[in-house]
């Protein structure tokens, strides 16, 4: 829909003291909480709270890929399913998966795939399911953040964790981690990104809205700078679980992820 | 687990029950611990996540203004959907609802609707024009048996928790403002039994469900009414077994209501 | 939908002479007619008229279960499909199967399964399809009554026939076999049941509405008492067909069902 | 029967036809006996069940008030659905309509619509606001060949039988009251031929349909119009064959109309 | 829908000088253009402009028939898909395939099948896809005309080409190749036909509307007479392509189609 | 080609790129020739068929009056659908849109919507009642790589070409009459890169797409804004690679805009 203009044009997105609408600084992330192993039935799972966003992620696999014609004889395939609960948005969401959810699932699955040593598990599927229980801008990057931790929890060997972050613009200011009110700014640009922090690679990147080349280059710098915070929280959560549970069996990779920051 | 492993598991469940014990050590009439978690979603008008043992479900309420049905112009309505999320079990799949989730959501729906726990007339905004539709969306987050009781309880507590949005003069909800709480006239609590061989146990675990011959759910109210039955599974119950389940459901319903719905 | 209250509240569901709205006594069934073998293409079939309700049931199988991944290596599976014709209800029914029909199909198939020696036919499917041509409360029990006769007609070995019956409450009276007008009573409780009459077992049981424990126990007694009538009609219909057609080949089991009341 | 058995059956049908005979003993231009059964459903506004040999179909009519199409504000309409019920044949499956039933329902639809047998203007209740939608739902109950003719005939007789519901002042039908009968200006009767090898026969049995090279349906009216054609099947007809079928369809149509539609 | 009557009744569909609304004579086809090989990825393809109608057709196959249970061990199956672009009609067409498109696909596929030596390619599928880019009455016969040329272009051995033609009636006149304005006449009868011109066979024939037996026989004659023009254009187009491209490899059959008028 | 052949082709593409060449001889920053074909459909309100090398797509516009969204009563809207027709590639199938075509249509949609190239307010007919819905339906007719750029360009030129229908007093379009042309405030042009091994090339051919590690699309406007990004594929980009792509997209966008959109 066309963005509403009107009274909103007078909103001040960063005030004179450098504070945003919710009191954050321009380059400040919302509060993030990461928990590991929240779904006992799953091979790996994680829960992420990111501001108001609440996300559950589970991993099943690597397991036999059914139907078989989807299997790849050279590597595992990643099937990523991003879904929003009907009550997770201001209006009720139709429970039928929408086109937005299907697109996000596609690009997010591709982003995760980069981090996994897929070629070690030919003919299998790794099923990653994320459910958004509550939302306020930035759910796809919160979901990837959770999914990546769930993969580590499942003991799946990885090149690096995948850490999500949003950057963008509102009211003429470059901001980190926009919330809904900021995304509704008339000039808002939202840029969800997912990054392999240790490898310095971008695996998810989308942008909508109008931005200069210079603003983009600045935004990208902000993303790389602040994604480290997300990465630390991911590692801490993994460390916390495996410190308590010990270091045995198929938990090994996850534990190592916690120790070394990267699985392999 | 593969079908073969589940068959072995079922044999074990049955053998244990024959010795008068349950595989997880509970008594035949004992529920697993229940954990009630609220405030899981600020966007919901009412919300409740329930852990029943390791079974984990969340029910969220959205109050949406809508047109009434032509034959009940002065009454709101409810709409219940239950989804077995792919993340909850290795065998659940994303996709359109299967018969299992359809039965589950319809049983929860009738449990609320037919017990008259909601006064549908009080959900009328303007007769013949606008009424509240109470959407109850339930998601299974981890599957460890007895979804029926967990989902029904989550839905009930979420309804108890529900705030009615305030509408502006264009009938749009005003963000963050509410016109009061949803009122419940009754608190129907569902209690589910499974029969394995000749044993009947309450609150089946996943292993017990995989071994079941038949399932029977009884919903009771605090004013001593039965409000719903649902029998499932390829086995049968004797009339005496049914009557025993009903009696026990009243007892267990009272306990659950007292502990979690007051 | 919320039940309508209003003028209906003054309806007398059982009058002083003990008569119901349609002239029946409280424990009287509507008129029931059972015919066997009405669909020549099917392996077994039956037609039941139950008051205004008109139901056709067919059985195909045991036959190869396709798709194969649904097959059970230990026993036959029962696939029961309950559908209502678009013109079978006061308003037109959308021909697309609704959630109600899917739920009824599930619990009815489970009810029938109990009566069949499924373990004798591993890896097969027994497909039971019922179509409601006209309706006036109680279609699911009429459908099960027909389906069970169709199974016997198909010569499928059974523990017992499955006989359907409705009991419940309207206007404060416990009634057998409620019709639509009675189901619309403000205090109506409808309890569809399916029973194996010889084995004394309940295989389908649903209840909605408010009823005391004592009322239920009374209702269950009524059900067991009056389901015998349904059972007799089922047996008569089978006897009638097989008396005429003789007793050869795969009709044997059906014939025996007619003779002995139970197939095995 | 499996595909192999049908292939053998087809060979036999063909061989018999080459000898100038049909496998069931009928003449090439002979219909199987028709049985018309009415009053199959009280809830229908019009109803007719037809047995054509062992082919068994039922057509039911529901008259439902609805909004007119914007470009024909003063005209009602029809909607035809035909379903091959799973109970009618071992190869039919429950599920969304396949191309076979879509062709069947569209051919029946056009046979009624394009013959102008219904005066759509007379189905207008209030111009631009409310018109009658005549729903014609057809179910195949037993499949023994020639669904086209059976379904078209059942639909026609059901329409002849149809009572128009009386509407109350809120445009809701008054239960059990009627405002008259639906009027038909014409009685189009469909007559279907199949070609097996070089033989063309009318009213194909199931065995003949399984052996067919091509199928051709001709609908004619009592006032000597062709009102519809539909050719199907992977074979072809010569122009002469087509003309012969047309001539025979007029003759057979007259007979069927006289026997069953007056 | 009921046809509109009203001002249209006074329309003169053939004027005193024998001219139709668009200037054609009663037995005159609209302008037809046939091009071969327009879709490089396809095994065979063709483009047909027929008055305002614009149709693309492609052929893939014979190729393995998937899913396998659809395969016929005795012959190839033809899967014909007729679709209209959303913008190809005066109102926007819902992109979801409608029942009309499904029926046309069925009878058109059956019509094409007659022309192909299917028994030479058991267990395979020949997929024929046609897309209508613009329309003005007569798309199904234009589509079959294109599809048949695409089959020849794919080198698939054929008994004959399939040529489409419409005949019918408007304003009391028998006409060849009705356009939309003529189809909207109150007494219009449209008769799409597909013919194997060399074999003199009718493979597609549909009629809706009221017509006497005599009018039909006259119309059929017109169809056989004028379909030859379509056939010539098909052959010319094939000849043109294969004259330029030469005569090698799997183009052979197509080339021969161009030379001899019939593939085999 | 089978998967094995595509794997061999991918190896060859990669080897060639390592030598600093592309398999079809183009430079790394060189587009294939573009052919713009108009007037493909008279029934469309705007239409453009684009051939980009052998990739062949057509975008058609229909302007349909509709109700506005409640929260933007004074604004029209767009709806974009892209379909990978079965005729365009041996692996495309008829059926509901898959994730590939969903991503494609959503990226084209946002490219138009978020660049503010259409003034949605100017598409209001009567506030709160009737607005223009601009349907943009795109069909892929032959698939030879880089659908993103081809579809985005076809959609843009089709929009530039679009005439707004004239409505009669019943809000129905008057056939053949128009109320003016659709106005575009900007011309966003998409430019897509793929990374194969360590090489990044523009306008990928089909062979290059089959070999790709990652894909990156950048949409730029003539007033020097980036208006959209979309990254796809199971590979990654370094920040430097991204910045280089952005810079090149501005250059290429300018060229394409000048050649085909003025």
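Per-chain numbering from 1; labels A, B, C, D, E and F assigned in written order.
Here, contacts are C-beta pairs under 8 Å (C-beta built on N, C-alpha and C of every residue); 3 or more make two chains touch, one makes a residue touch a chain.
Which chain is which protein? Per UniProt: A, C, E = Exosome complex exonuclease Rrp41; B, D, F = Exosome complex protein Rrp42.
As the structure is a prediction and not an experimental result, all values here were calculated from the model.
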{"item": "Relative to chain B, chain with the most remote C-alpha centre", "value": "E"}
{"item": "Counterpart interface for A-F, drawn from A-B, B-C or C-D and sharing over half of its contact pairs", "value": "B-C"}
{"item": "Centroid-based (C-alpha) most distant chain relative to chain C", "value": "F"}
{"item": "Computed distance of Cα centres, chain E from chain B, in Å", "value": "58"}
{"item": "Whole-Å gap separating chain E and chain F, where each centre is the average of the chain's CA atoms", "value": "32"}
{"item": "Where chain D and chain F are represented by their mean Cα positions, the distance between them in whole Å", "value": "47"}
{"item": "Residue numbers of chain E (touch at least two other chains)", "value": "none"}
{"item": "Chain D contact footprint on chain C (complex, rising order)", "value": "39-42, 45, 52, 54, 56-58, 60, 63, 81, 83, 85-92, 95, 97, 127, 129-131, 133-136"}
{"item": "Chain A-facing residues of chain B, complex", "value": "40-45, 47, 54, 56, 58, 60-62, 64, 81, 83, 85-90, 94, 135, 137, 139, 141-144, 175"}
{"item": "Residues of chain E touching chain D in the complex", "value": "1-2, 4, 74, 99-100, 102-103, 105-107, 110, 113-114, 191, 196, 199-213, 216-217, 220, 224"}
{"item": "In the complex, chain F residues that touch chain A", "value": "7, 69, 71-72, 75, 77, 99-100, 102-103, 105-106, 110, 113-116, 120-121, 216, 221, 224-239, 242-243, 246-247, 250"}
